[in-house]
Structure formats: structure tokens, C-alpha cells
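Order of writing sets the chain letters: A, B, C and D. Residues in each chain are counted from 1.
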């Protein structure tokens, strides 16, 4: 299996008035060609920053990025801005969390879809519009011609997300980042969109990175999973392995906090108590220690390394689930 | 619905103009002496009585206003009174208005033409040296009153270098270059402050817009920064800028008093000043009424344009 | 959280404004000649002439004492107008936004009406009417001109600050704690006093600083047009006097311009810094 | 055509100006060395505004000169001071100087094409007397009425001849008819035009009205003008002139220097430093008026406080003329020693009140003893004119020193003129010219006793163009 993208030793830091904020800390990740990789974590865990940094989309004078990203055999991090830009659309594309804010409010749907076709693929206006309509029907939007003339604010959330997907796939990217593509949508639409993404990935032979906080989504739509916490990957495995042999208390906690369609409305979700550690001033031990029901003194004192449990299952815990050492009450 | 929106805006226009002119007419009532006495300092009592009748001062505040309003609506803006006769305000304004309109148009065009690239650029380079340089320079310049800039320009460009005439206005018919030569210094003096204001507005809105997801989205499409700035970020950021520009139009037409005086451009601002200092209250009322009409109409135009620039506002408007 | 340190320009701005206010209050106690003293022997002296450090203009006025005495009038007029206009504007704006309804639309359209007349036109018209003398030989006393000028500039300021107050109140009165206070039966007056005013005030003060700059320039413009304080004592009056000296004694012009510009830069800067601080505070909420 | 004057060709402009003035007056220019070229327009900056052109609207000083491009006078003053017929062809007086027979020149036309004839003369004189106002046909003549009060009646004798009968013998009737160049030959259509009288000047002059505003007068060549120059060329030479009112001295100076103006007019009172600077400028020709001007303060003895002799004395003693000349005029002129200059037969230093602070205070105290009030008066100056304010402030300084309170009264030029003639002010500044009526004159502040050293730039005042006063601010 060839590697579509590999990320090694990635650090992302932001300069803030309150100090240096370390959002991503030494992430290593491989995305195999044709596979779908899920990145899971709470909000603030660094998964969105990591995926944007991987793509080279983070800009701003206060951003410091370290590490190496290799895409399709070429080192993205060594490319000029121009070359990176040339990878966008045709090589990599991204779907954003909130289609309301990610679509330009003042431009028509048709203009927004056809723009990349014209700029990146050099189509003329007519061709681009025609192709845009095709793309809209590809993302299962009825009456695409009429849709082209509409403004984003005139669409429903699901429709907007479809439009965004249409934009993302317009230039046949090899790798698609989907950053929480369904968070802003209601539950029934979520399922449709995720199914659409899976189908498109299969039909268009794309690799996909699915960023989400929802382990349930990961279970159904990915081949591999990386769990992120406080800027680090804390557990990583193939999807089947992860669910069969969960190592991290944090992953377990995430799993328990998934809303379930079968759940009665009003039933209480189990939430993860406590907060993420302060990103500017991190504790020296495990970042999850204050929230972990299994935490020991060692967890407070030493930062756990990423260890391999075999068959590619990595985890970062002194006392992983299934471990026999005595636990705290 | 859309229709009712326009009715509402039109009503607003009428109310504003009504209030402004009625306020002006009340000023006359506030005077400690009879306006007739001020208008005709050497006139006989009979002449003054005649004048009082003519301008309707004998009808009480409301009657006086209604008489003026009736004439104003018909395009009769009243007269300027001399001891030996009168001159119609409209004939004066016929001369003054084109001057002020040109002054206003050039000032706006120059200000926007400079402010838009500067605003976009400094938002793009926010926090960098270019941004700081632009912001600080404009900030300093905008703190110098426009008449001070005008005086300095006169000294350097007019008197020392003798590149530009320091006085007077020339119409197009006198030659385009002549026309522009006389406009450059007044327009530049008026523009400096506006450029700073506009750049600030645009920069702030652009910075906000550049943080939006749709900019990231545009970047992820592989678009060039230039295209992202102009096609994606500028338009949604420009509504405040153009609104503020529209609000300035009325002020530029009637409020460029000092600049018009310094350069002897003698547009509407000077007419306002002449009316005030010559105690020509009827003329003042009419001119200020016209300026407020301009103000409201420009607002209206900007509302329409804002609908094109940012289609979201159209929706808001229906709900409003 | 680390407190943001002020930069050098900010310190400078505060220092300059402090100096201006100091001069405005204590200027008359300083051992400086009154501005109206004519130094016949020093006419046209350039700056750095001993005894006349800023020079003397072609009318024989010492520029240094002009600046000192001018600070009194310019800063006084600006502070009083903005203070008064801000207070009235805040009262109208806050109550309008708090009570909403017809009262609000009345206040708001009044603001709009006043704003539709250019600032300078409005001030000029008010000055012209209010400072009219009944008997032609009875000069309008300086104090009355001063009061008239302040009233006129106040009228200009009211809608500008009133709108800001209204907008800020609209934003704050929807906040949870206000709704909560209301639902607990707190009196409107107390809600406004305890919850709205403390939150609206900082924004108003920030904009107020910007308004001080506007007023100083407006006063100078009026002086230039000959309707300010007649003896030309303010900085604007100095500029008006210096106009004829443009070529011969440029210092008569550029020194008041510098004083004026420094003051406006300082007020604008302080306004900006205050506003920036507010934005950060807002950002944390 | 303004190109004619660009780039160091100021001299041409000056010569043109003289030619222009020459076209106004029968007095030949003395120094027109170059032959005037025909054509071209001029931009002239003046220091007075145009309040109007009807009988009661008095054009002041520089505006009067502008007005005289449109208007002429029935009689004109020659260089030697003698009054001669102008639009009139002849004037005869009876032996007892009680009746004057005037004949109108043939072939002169008003700008509206109507002929200047006996009827026109009658209409003019009747309007000046106020006779037409009584009939409701013409606007009020204002103060002009007072000057024509000696007229019993005006009778048309033949088509072109009119006889004026007087109550009392009047030797200087022609001087009155001339009135320092103010009693214009106006077209009956203007006089009888009602409200338009003020804004539509129709005269017989070399130029006719294009447009006028308070601050501007634009005139164009009158192709039917009646006079020719010595070579038989029809006057005037210029195609047109624009007069712009620029209250600020700086505007006129920068206008000249930036070539926005071809000609600017300045006054000797308070604008000396600018005049001196311009004299150094090679590109500007400075023409000084041969007339002597006396910047002066006019105390109105008809109303309080100056109906008291003590008040008048106090002010007269309080003025430090030497200091004023130094501060305001850079010693350009010299302090007055008499109420007229040395060339005048009335020149007499004896009895002229000189600066004496002690006596001023005494007189002020005497005034207080007499009336029970402190001596206080108001003094108008041109609002917005820096120099006017500075002049007034300087006077105020002397008054304060003598314990006299002087209030500054900022007014517009137009308003000052309007109120000056009905004598509504307690005191005011005026610029008097040698040889004009002295009936109103009170003590002088300063006069130029050097003779011929006047300081009007590019300004050749039409001889006797000033009537009795120039009441605009402290010029």
C-alpha cells in the first residue's frame, strides 16, 4: 500500500499575548493511499489545527510550524507557497466544519464552484458552469441549474454542505480532508452526508482524512483511526483493531460520550469531566491525568511515550485498559 | 415585503428633511431680534413690514414654515435680501452646486482609490511592518486638520513651486486640465482625513473577513492570495466602507466650508457660510434642507448598493 | 493573565494630554504673558529667540504664550462639549435602547436628523443665531460666545456619542445578567445604573476621546471662519491668525498645527488603546 | 488667454491693468511705456465683497473699482482734480449756481441697448433723490438721498438736456454728482427693475455684467463701448475680467505668487508686510496709488458715548500712533500730525491731538464724572479677516491702557457697509483719502505724510474714486 501523505514530528505553535500556545506536539501520521483515516478528539485537542497544518493552510504571522509533511512522494513542507498552492484542489482539498461560514456569503453558488475549475483547471466560463452543475448532481442536489444561481444564505445546512463537498471534489483531489463535515448539521442529514462522502471516496478513488469528535462516525466510515488529545496522538490503530482492543481510558471516555440514536431523548450523556490542560502551560505528566479515573502518581510525574502494542496499534498511557496493575478507586 | 421597505425609506427621507428644515425655521424664531431688522438694517419700517409679510414671519412659526415649505417643494428656495433688492437662492445654488458636486466626487474617488488598496494591503499584512507603517502614517496625517493640510499645500505647491493655482474654480468648459488643476489641492486636503478613515474601516473589516472560514476555503481551492483578497474578502468587507462613504457625501457637499473658503472654490459650503454670516436665514433653511435631502438620498442609494455587494442585507431588510 | 504593557506612544499620548489638561487648568497661574500682550519689539522673531522660544508672529503675539493660553480654551471647550454631549447622548442613547419602542425610534430618528446636517454647518448655524446681538453696538460678550460655542459643539456631539451608547446598550441589555436582573424584579433604574452604565461607559469613554479630537478641530475651523472666540485666543484662533503669516513666519502656523495635531493624535491614540482594551475584555467574555 | 501672463510676464499684466484703468478714466496713464495688446482676460483679487449694485448698495474701495468697469459717472475727475463732463457732453451753470443744465453725450448706449438720453438722466437723478422710491417705482437710495437734498426739481428741457434746480446755490454741485465715482450712470431698466436692481448692474462702461455673487464679479467686454484710444482703437482692450473677493491677505498674496491672480489689490492699512514682500518679488509689479490714505477711526458723535467731547478726547489721546505704525505697519508710513496730509491746504499740526496716556485717562475720568458711566464702546471689524482683527486688537490694547473698554464686534464686510452709512456704529475704522469730504472725520490714527508713498499694490485708483470713506474694517 503506497502512502498518500506522511506527517512526521509535526509541531504547531501560536504566539499569543499570553505566551506560546502549543497546539500540535510531535505528531507522526501516515495516510495510506485510498484509505480513510479518522482523527478523533475533543474540540481543542488539536485535530483541526493538525489537519490544516498538514495541508499547509495555516497562515498568519503568529504561527510557527515544524516537522515534515510528504505528500505523494514530495515534501510539502519544503515547497514554495506557490507549489503548495498548486497542490490544492487537484491534490488535496478540504471540507470545512460549518458550511454557513465556509461558503462566501456574497458570491453565488455557481461562481464558487466554478471558480476552482476555471482557476485550477483552466476551463472557460461555460464549461465550468456545466461542470459545476454536474458536480451538484454528483452530490445529489436536485435541480442543479437553479442552485447555481443561488446565494449560500438561501440554502439549508445540508444543501450547503453538499455544495461545499462539490467544491472540494471539483478538481478530483487525491486526498480529501473532511474537518468535522457534519457537526453543524442535524442528525439525519449527518448520516446522508457521511454516506455521500464514503460513496464519493470510493467512486473517485480518493484518500480521506475524516476529522471528528465522534467515534461513532469513525467506526462506520474509516479504515484507520488516530485519537488526539492535547495536541498529541494518544492512540492509533486500524479501526477494527481500535474498537476491538481499546487501550486508552480517554478513547473509552470518548466512546461513552457518543450520542446514540437509540438513546431516549433526555437521557444523560456521559460527559468527560474536567477540562483540557492549559495549552500554554502544560503539566509535565500525562495531559489526561486530572480527568482520568485510572490515574496513578506516575501519570502525574512522567509524560507517557507512544508505545506499540503490536500490529500497528500505538497508545500513550502508563496504565492502558486491560492492564492488570492496581487501580485507583 | 420589499415594497413596504421602500415606502418606509421614503417616509424616513421626508421626515428627516421635514425635521431639519423645521429646525432651521425655528432658529429664526430663536433670534433675539426680528429677522426683518437683520435682513434690512437700513430699511424703513414700511419696507421691513413688507418683508415680514413676504417671507411669512407674520404667520407665526408654523405658518412661516408652511409658507417656506410650500415654496421649497415647488423649487423656489427663497431669496437673498439686499438693502436694494433680492437675489434668488436657486440662481446662487445653480453656480455653487456643480462645484461642490465635483469636489465631492473627486474627493470620494481619490479617497476610495487610495484607501481601498491600502486597506486591503494592510489587512493582508496585518501586524507586519507594511501594515504598521501604513496605519501610523495615516493616523498621523488624519490628526492634522484638513485646513492645515490645505495651507501647507498652498505654501508648497502653490507659492513655492508654483505648480498649481491656489484659488478659484474653473469649469470643464475652461479645459479639462484647467478644471483639474484648480481641484487638486482642495480635493487632496479633503481626502487625507477620509483616506485614513476609510483605510481604517476597510482594514478592520478585512481583518475580520480574512479570519472567516470561507477565506480558508478559498485558499484550499488553490487560489492566489490576490484573488482571495479581492474576490473573496473585499466584497463582504466593503459594506461598512461604502456606507460611511455615503454618509460623508452630504458633509462634503455642504460641509467643506473651510476648504472652499481657503481655495475660493465657493461651492455650497461657502453659500452656507455666506448665508449664516449674512444672516440670510431663509436661504440657510433651503440650503440645509437640500443638503439633508442629499444625505438621506445617498444613504438610500448605499442601501440599494449594499444589497448588491452583500446579498445577505437584502434579506435582513425584508425582515426589518 | 498577563496585563498588556503600554507602548511608548501610549505613554507619550497620556503625557501630552496630561500636559494639555494641566495647562488648561493651571495655565493662567504660570508665569507666562497673556496671549493678548503685543511684543512690538519682537515682531516676526523666529523660534528660539531668547524670551520667545516659539517665536513671535507678525502681529507681535508670542507664540509660546499663545500655545499655553490656547490650550486653556481649546482643551476646555473640547472637554466641556464632549463631557456634556457625552452625558446627554449617553442618557438618551441608553434609555432609548433600554426601553425600546416608540421612545427609541423617536430618539434614534432625532439623532439621524441631526446627523444629516454636516457638523460644521450645524455648529455654524447655532453660533450665528445664538450669538446675535440685539443692539448692533452691543458686542456679544466673550462668555456668551464661549457658551454658545460650547452649546453648538455639544449639540454636534450628542448624536455621535448617543448612537454609540445606544448600540452598546442594545448589545448589553440582551445579555443574560440583565435579563436575569429584570426577571428578579429589579427596577429599571437600578438595572441601568448597575448593569448597563458600567458596561457601556468604557466604550463611550473610548469614543469620547476620539470626539475630543473632532471638537478641537471643529473649534479651530470655526475660528478660521471668524465665528470662534473673537480675540483668537484658542489654537484654532492662532491658526486663523497665522494664516497670513504662512510665508513670512511659518512658525506662527506650524507650531499651533503641531500642538493641535499632537493633541488630536493623543486623544485618538488613547481612544484606540482604550477601545483595544475593551475588545480584549470582550474577547475574554 | 490667461497664458499671456504666465511665466515672468507679470509686467504685461501690470501694463494691462493700467490700460484697463485708462479705459475707465480720461486721465492718460503716465507710465504705459508698452503699447497695450488687445484681448485676454484678467483675474483680479480684491478685498471687498459686492453687496449689490443698487443706489443704496455702496460698493467699497476695491469693489468700487470693480464696479466701475460696468458703470461710468456723469462727470469724471481729471488728474488735476477738476471735475469734467464724461457721459455728459456739457454742463452749464447759472450765474447764481442755483440751476445746472446738463446735456447727455450722443451715441452712448446702456448695456441693454437702450440709449443714454435725457430721460435716463432724469430717472437716475430722481432715483438718487428718492423721488421714485416714494412712488414705489425704485428701491430706496439709502444715504444718497442726503447728498441730493438740495435739489428742488429735475426738468427735462430737450431730448438730451436736463435742468436741475437747487434750493441753495451750490458751487460744488458737480462734485456731488460725481460723489467719488459712486453716482453711477445706471440704466432706467435697472433702477425700475425692482428686486433685480441689486443684482443686475446695467451701465455704460467698457465691460458688462456676466455674473455676480457676493464674492465675485465677472464682466465681459462691451463691444459697443463709446470710447476709443488715441490710435482710434475701440476700448476696452481686454475681453473680460473676473474680480474675486478674497478677505484674507494671504489668499491674495498666494494667488499672485501662484499665478492664480493676475492682479491683486491691497490696502496700506495692515497689509504692509505683504506689500513689502511683494515689492521684492521681481515678477510682481507694485503700483502704488498716488493718493494719500489715512487709516482712521471714526467716532460717531451722534450717539453715546461719543456725543460727549470727553469721550472723543479720551480716545484721541489714547492712540499711540508711533507704536501703531511700528507694530502694524512696520514703520512703512508715518504717524499723523494733522488731520490731513502736508499737501493739503488744511494741513495744520496745531491743535492735533497727540498720544498722551495721562490726558487720555483724565478725559476718561471726566467722561465718567460727566455721565456716571465708564467709557465703553464697540468697534466693528471684518469677521474672518486676520489683519482686520489684528488692527482692532492693537487699538484695543491702547484703549485698555487708558482704562477705556473697547468691545470687538465681528461683522461681515457687507454688514459693516450696510450699517456704516446710516451711522449705526459708535465707532469704526475707515480709510480716508486725501481730498475727500472731511465732514465725518474725527481724529486720525495715522496718516501718511510722506506724500506719494502709498501702498496699494497693482492698484491705480481712479482719481477720486473714493467717496467720503472706506468703512471696511480696519483697512
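Here is the rule we go by: a residue touches a chain if its C-beta (ideal position, glycine included) is under 8 Å from a C-beta of that chain, and two chains touch if they have at least 3 such contacts.
Given the structure is predicted, the values throughout are model-derived calculations rather than measurements.
Counting hops only between chains that touch, chain A reaches chain D in a minimum of 2.
The chains touching chain B as well as chain D are C.
In this view the innermost chain, defined by its CA centroid being closest to the centroid of all protein CA atoms, is B.
Set against the C-alpha centre of chain A, every other chain centre is closer than that of D.
In this assembly, the C-alpha centroid of chain C lies 44 Å from the C-alpha centroid of chain D.
Averaged Cα coordinates give chain A a centre that lies 53 Å from the centre of chain C. Between the Cα centres of chain B and chain C there is a gap of 22 Å.
Residue positions of chain C touching 2 or more other chains: 133, 136, 224-227, 243, 246-247. Contact with two or more other chains is made by residues 253-254, 383-384, 419, 424 of chain D. Chain contact summary for the complex, chain B toward chain A: residues 126-128, 212-214, 216-224, 227, 231-232, 235-236, 309-312, 315.
On chain B, the positions that touch chain C within their shared complex are 12, 15-16, 19-20, 23-24, 27-28, 30-33, 38, 41, 139-140, 142-145, 147-148, 151, 154-155, 159, 247, 250-251, 254-255, 257-258, 261, 269, 272-273, 276-277, 279, 284, 288, 291-292, 295-296.
The part of chain C that touches chain B in the complex is made up of residues 109-110, 112-113, 115-121, 124-126, 128-130, 132-134, 136, 213, 217, 220-221, 224-227, 239, 243, 246-247, 250, 253, 257, 260-262, 264-265, 268-269. Those residues of chain B whose C-beta lies close enough to touch chain D in the complex are 41-44, 47, 79, 82-87, 92, 95, 154-155, 158-159, 162, 164-168, 261-262, 264, 266, 270, 274, 277-279. If you check the complex, the residues on chain A that touch chain B are 52, 55, 57, 59, 61-62, 85-90, 92-94, 96-98, 101-107, 115-116, 119-120, 151, 153, 164, 167-168, 171.
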